[in-house]
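Here chain A shows up in two complexes: once beside chain B, once beside chain C.
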Partner chain A sequence: MPTKEEKTEIFECLAKAIVDHDPDETLKISREGIKQGVDPVEMIQKGLSTGMKRVSELFERAEYPLPFVLLAAKAMTLAIDQLKPHILKGRAPKPIGKIVLSVVKGDIHELGAKILKPLLETAGFEVHYVGVDVPAETIIEEAERLEADIIALSAFMVTTMIEQDLLIRALKKKGLREKYKVMVGGGPVSDLWCEKIGADGYAPDAISAVEKAKELMKQKRASVE
Partner chain B sequence: MARSGILLLSNKKLWRPLTKKEMYLFEQEALRVLNEVGMCVLNQKILEIAENNGCQVDYKTKIILFPEYVVEDYTRKAPKTFRLAGRDPENDIIFEGPSKRAYGCFSSPMPKICLWNEDLKEYVYRNATSSDVARATAHYDCLEHIDLVCPPCLDLEAAEAGLPNAIHEVKTCLTHTTKHVNLMNAAPMTIEEWDYFARLAAEVVGGLDELEKRPLISGTALVTPPLTLGISACYTLLGATKYNLPLLVGGANAPTTILNACQVVLHYASNLGTLTLAQMINPGTPCVIEIWQAPLDMYYATLNFASPESQLLNAALVQLVHDCLRLPCNTSPNTSSKTTDIQAAYEIALNVVFQFLTGVDIWTNYSFNDQAYNPETLILNHELYGYMKQLSHRHGDLIPIEENIAFQAIKEVGTGGDYLTHPITINNVKLLYRPRLADYRTLYAWMKDKTSMLDRIRAKVKEIDEYEPPPLPNEVVEKMNHIVKEADKKLGRV
Partner chain C sequence: MVPVVPLIGMHSTTLSRMDIWSCLSNGEKMAKSQIIALNTYGMDGIFTFMDLTVEAEALGAKLEVSKEGIPMIRGGPVQSTSDLKKLKLPDPHKDGRLPVFLEATTIMADQVGSELSVGAFITGPFTLASHIMNPDRLLSEIVLDPFLVHKVVEFATEVTVTYAKALKESGAHMLAILEPMATQQILSTEMFREFASPYIQKIVRGLKHPLILHICGNTISLIEQMMQTGVNALSVDSKVDLLHIKKIVGDQVCILGNIDPVNVLLLGKPTDVEEEVKKCIQKMGRKAYILSSGCEVPLGTPTENIEAMIKSGHSYGKCIKTCYRNTTSHLQAS
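After this line comes the complex of A and B, so read on.
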């Protein structure tokens, strides 16, 4: 069994490999950790997630370029996939929540959504990206099928942001509005628009979107309790 | 009599960063991209047209592969001379080949508006309304150096209500300017929107036949990078060509790769692809090539329109379009500043200078700060455009001919004499640059009021706010209102 110091060193090396956006090194260290008998759940929570948190902080301070953020997120996802088979049954960390993420109908601008997805995943969410130019009905169907907690909608154009409103109206019509938290984002979208259409959350960028998603999950859990 | 724009320097004096060999290589690589990678085009009709005109089409992925000969054949069909008409024929723009004259556009199709609040002493950002579209269009109509107009902001009220906001914006623009209107704002969600655009313009000009002769409006069909022609852009290609209206076509490079040569190839390929499709749909469609460079800032994830890379890429692409396609082109730089400050001033100045030096034909300098129309930025752009116009004008008396050297005057004044009252000065005083806003006073004179350029820009905003554009006849406006109401009913989505 590894000592406390040995475990701490593995966690630190994992965090550093993530900050160094080095998938190979991340995988190598996680394999090493498994060999040494370090708990894979702890490696995820205290190693990989710690690294990703540092990456988010650096990005927020404009000290870490976007491509590296995506690479760091990729490194974490690959490492988690490698560690999953070693997690004892019943010990797998549950996702914080399940999100259906989509770019709305008529819109094909997906950079924002593509940046957001790995950041949400590395924050502990299970994310299902539906794609671009997706009608509201299809997004709702996916949310129903996956029993999602949050529907996250991206619209880059003034002419497509109305689709966010239409989806919420569709949810109300189907009697499903209370079942989902809806968050909105994209170029012309604002907190005023969010309030106007009765969405639950708005975020101007990917980093704050992750925090907003966490906040919405807290609200959801509180309302269930 | 059409608008004169800015007379540009001859080719030899322009900033042309590419050698002939480099241009050839870029052209070949762009053709290779179109042939081996292709363009994704999200419209069934255009895919079929492409296939019927020699391209290889995969209907599942919606990717068109363009053989080289197809691109060369079709791009040649774009006319080299054409007119963009204004409600007032004095405001027509006539293109007679690339790099002859530059025309100021200064657009800003943004959903917000940024205004200086004198009471709060800060800039206030808010959503744009239909009144803002009207007022901002009037600004553009008022300013002498603005040669054509794109809707300066978007009607967010209409958009949020699920109405076809572009139709509202087009109607507002046509009623508030006598200059040509390019529909850079329009991202049509249905092909029918273009029928309404055409009907609105036809009311102003006197019918659809007249609209074809005097195109009051033109469309803009931009690629969504990389190499994808989206739904709206496809509708614009089909819609504008249906009415034989001119188009701005082509590339957008934000965000994309970092290497400059790669950016040039991608962008030029997008230009060639979109131009080819426009000519396939309607051979002889007048086209201005859009050069839209905004490298993504990798630390802030924002678009940067005024970076050194942007200037370099614009220069390279303008050269390629002018030399290889012999067509006019447009660049759309901007400032990344959020207020009218030193950053805005130097970025706008650099943009304008580089545009002049590259010989680009239309300057669609955005007047916005972070998605908000800012009239102060417009005024600054306008002042600098006037500066470059003066520079171009004064090039005329730089030519060392007898009249300009005025050797006789030199002899007459001799050594230690005075030129101030000599006819050579008296007769030419009016040639000198008189800035509208820059302060050329002495320090002593300035101490009396201590005003800054920004004070004068703000005063100018108040001045142009008072301007009322020449109205259309009431019956025309009523018909246009009726068309908009009909569009709201048929195309409204809520």
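After this line comes the complex of A and C, so read on.
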């Protein structure tokens, strides 16, 4: 079994590899950790997530451009995929919430969604990415099937923003509005738009979307209790 | 004095009641729709439709047209250096819908060019590169294979210059370079310096024609570099404060902007628009400034809002139409 110091070093190296936006290095260290017998769940929570948290802080201070975020997120996704099969049965942490993430109908810009997915996963969410150009009906069906907590909608164009509005209307019509928190994002989307269509939250970028999702989850829990 | 030139593209179909895709694929229809908007609104300059897919399509990128008639790129033609070698420079008079935009430009220049400035859009080299290669791939390669990125952007520059020259010959008085992928929310200032700015400078040198550089989103940390490219005017989005911009650029370069297209033009009322117009002109004064929208006027914008923008722009900017409708000379005077 690795000592406490050895484990701490692995976690730190993983965090650093993520901040260095280096997929190869991240995979190498997580392999090394498995070989040494470090718990993969801890590697995700104390290594990869710590790295991603630092990435978020740097991004917010405008010290970390988007191409770096994109690669850090890629490194994160690859490492999680590599670690997952090693998680012992019953040891997988319970997700803090389920999110159905989609780019709306008529829109094929998925850069934001691609970055957001691994960020939400590291924060502890179970994320189902439905894809691009998805009609509101399909997104709602997916949310129903998966018993999701949050529906997250990305629209990159002014012409497709309206789909966010249509989805909320469709939820209301089906009597499902109260069942889900709906968050909206994408280039032209704003606080004002979010308010106008009656969505639950808006985030200007992928990093702040993670905080918004956590906040919405808290609200949802509070409303159930 | 302050010319008023909102970036009106497909919004004109609200007035002309024409189909968006038929305008985007037929130069005569596009020009007709734009001239209808001009005759209704009376702005001080007109452009072709804004379509960032047209160059990539001419290079063989896969195009998809939405139900509303809006084209999108789905799958760029280049994934490696060898793919890039296979690409040929498009012929603006033959390939894809490039001839459509040349025709629209010619017609607009013929019909209204003697009274006011006619402009056309070209896709910026970095943005075109993202369409040639797919955005996430291009951004990843900035870190993994910067040499490949340079090659793709270099090629995109040649495409842009070729197309821009044809637009100039078709009678466009001014060209606006659209470079949304190079915004500061995506690129660091160092990345902009390496992958965007040198190529925009190449267009400036290769074209020698009035040029506007438009970058969406927040661009405050890029403004000095944008100015140093040598373009005649910078078009800035609503996310930047004009006072801040003015402080940096002074009168060295003409500024276009920046009424919020979504929160004010699309979602606001005419009184909100008027309020914003007043603020913009107060901040910028009347020299080296063109009142415009921060980005393209969204489809679905109430026509009253555009009417309010132009009316209040002219009254606060005390624009005497006959003298000051030449937007191009305003660009070059700075």
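A few comments on the model shown:
Rule of thumb we're sticking to: the second predicted complex is superposed on the first by the 225 of 225 C-alpha atoms of A that agree within 3 Å, B and C clash if a C-alpha of one lies under 4 Å from a C-alpha of the other, contacts with A are read in each partner's own complex, and residues count from 1 in each chain.
Convention: contacts are C-beta pairs under 8 Å (C-beta built on N, C-alpha and C of every residue); 3 or more make two chains touch, one makes a residue touch a chain.
Computed from a prediction, not measured in an experiment: that's the story for all the values here.
After superposition onto chain A, the modelled positions of chain B and chain C overlap sterically. Judged by the touch definition given at the top, the superposed model places A:H21 against chain C, while chain B stays out of reach.
Within the superposed three-chain model, A:K74 lies in touch with chain C and out of touch with chain B [touch as defined at top].
By the document's definition of touching, of the two partners only chain C reaches A:K114; chain B does not.
When the two complexes are overlaid on their common chain A, residue A:L192 makes contact with chain B and with chain C alike. With both structures placed on the common chain, the touch criterion links A:L166 to chain B but leaves chain C unconnected.
Of the two partner chains, chain B and chain C are each touched by A:D205. Residue contacts after overlaying the shared chain place A:K84 against neither chain B nor chain C.
Legend: residue contacts after superposition of the two complexes on their common chain; A:R145 is shown touching neither chain B nor chain C.
When the two structures are aligned on the shared chain, A:R221 is found in touch with neither chain B nor chain C.
According to the touch criterion, the shared surface of chain A, contacted by chain B in one complex and chain C in the other, consists of residues 62, 65-67, 106, 108-109, 111, 157-162, 187-188, 190, 192-193, 196, 205. Chain B meets chain A in the complex at residues 42, 111, 127, 154, 156, 159-160, 162, 164-166, 187-189, 224, 228, 230-232, 255, 296, 298-301, 371, 493-494.
Listed in rising order, the residues of chain A touching chain B in the complex are 59, 62-67, 106, 108-109, 111, 115, 133, 157-162, 165-166, 169, 187-188, 190, 192-193, 196, 205-206. Those residues of chain C that touch chain A in the shared complex are 64, 66-68, 70, 72, 74, 135-136, 139-140, 142-144, 184-188, 191, 216-217, 221, 261-263, 266-267, 296, 298-300. In the complex of the two chains, the chain A residues touching chain C come out as 21, 62, 65-68, 70-71, 74, 106-111, 114, 157-162, 187-190, 192-193, 196, 205.
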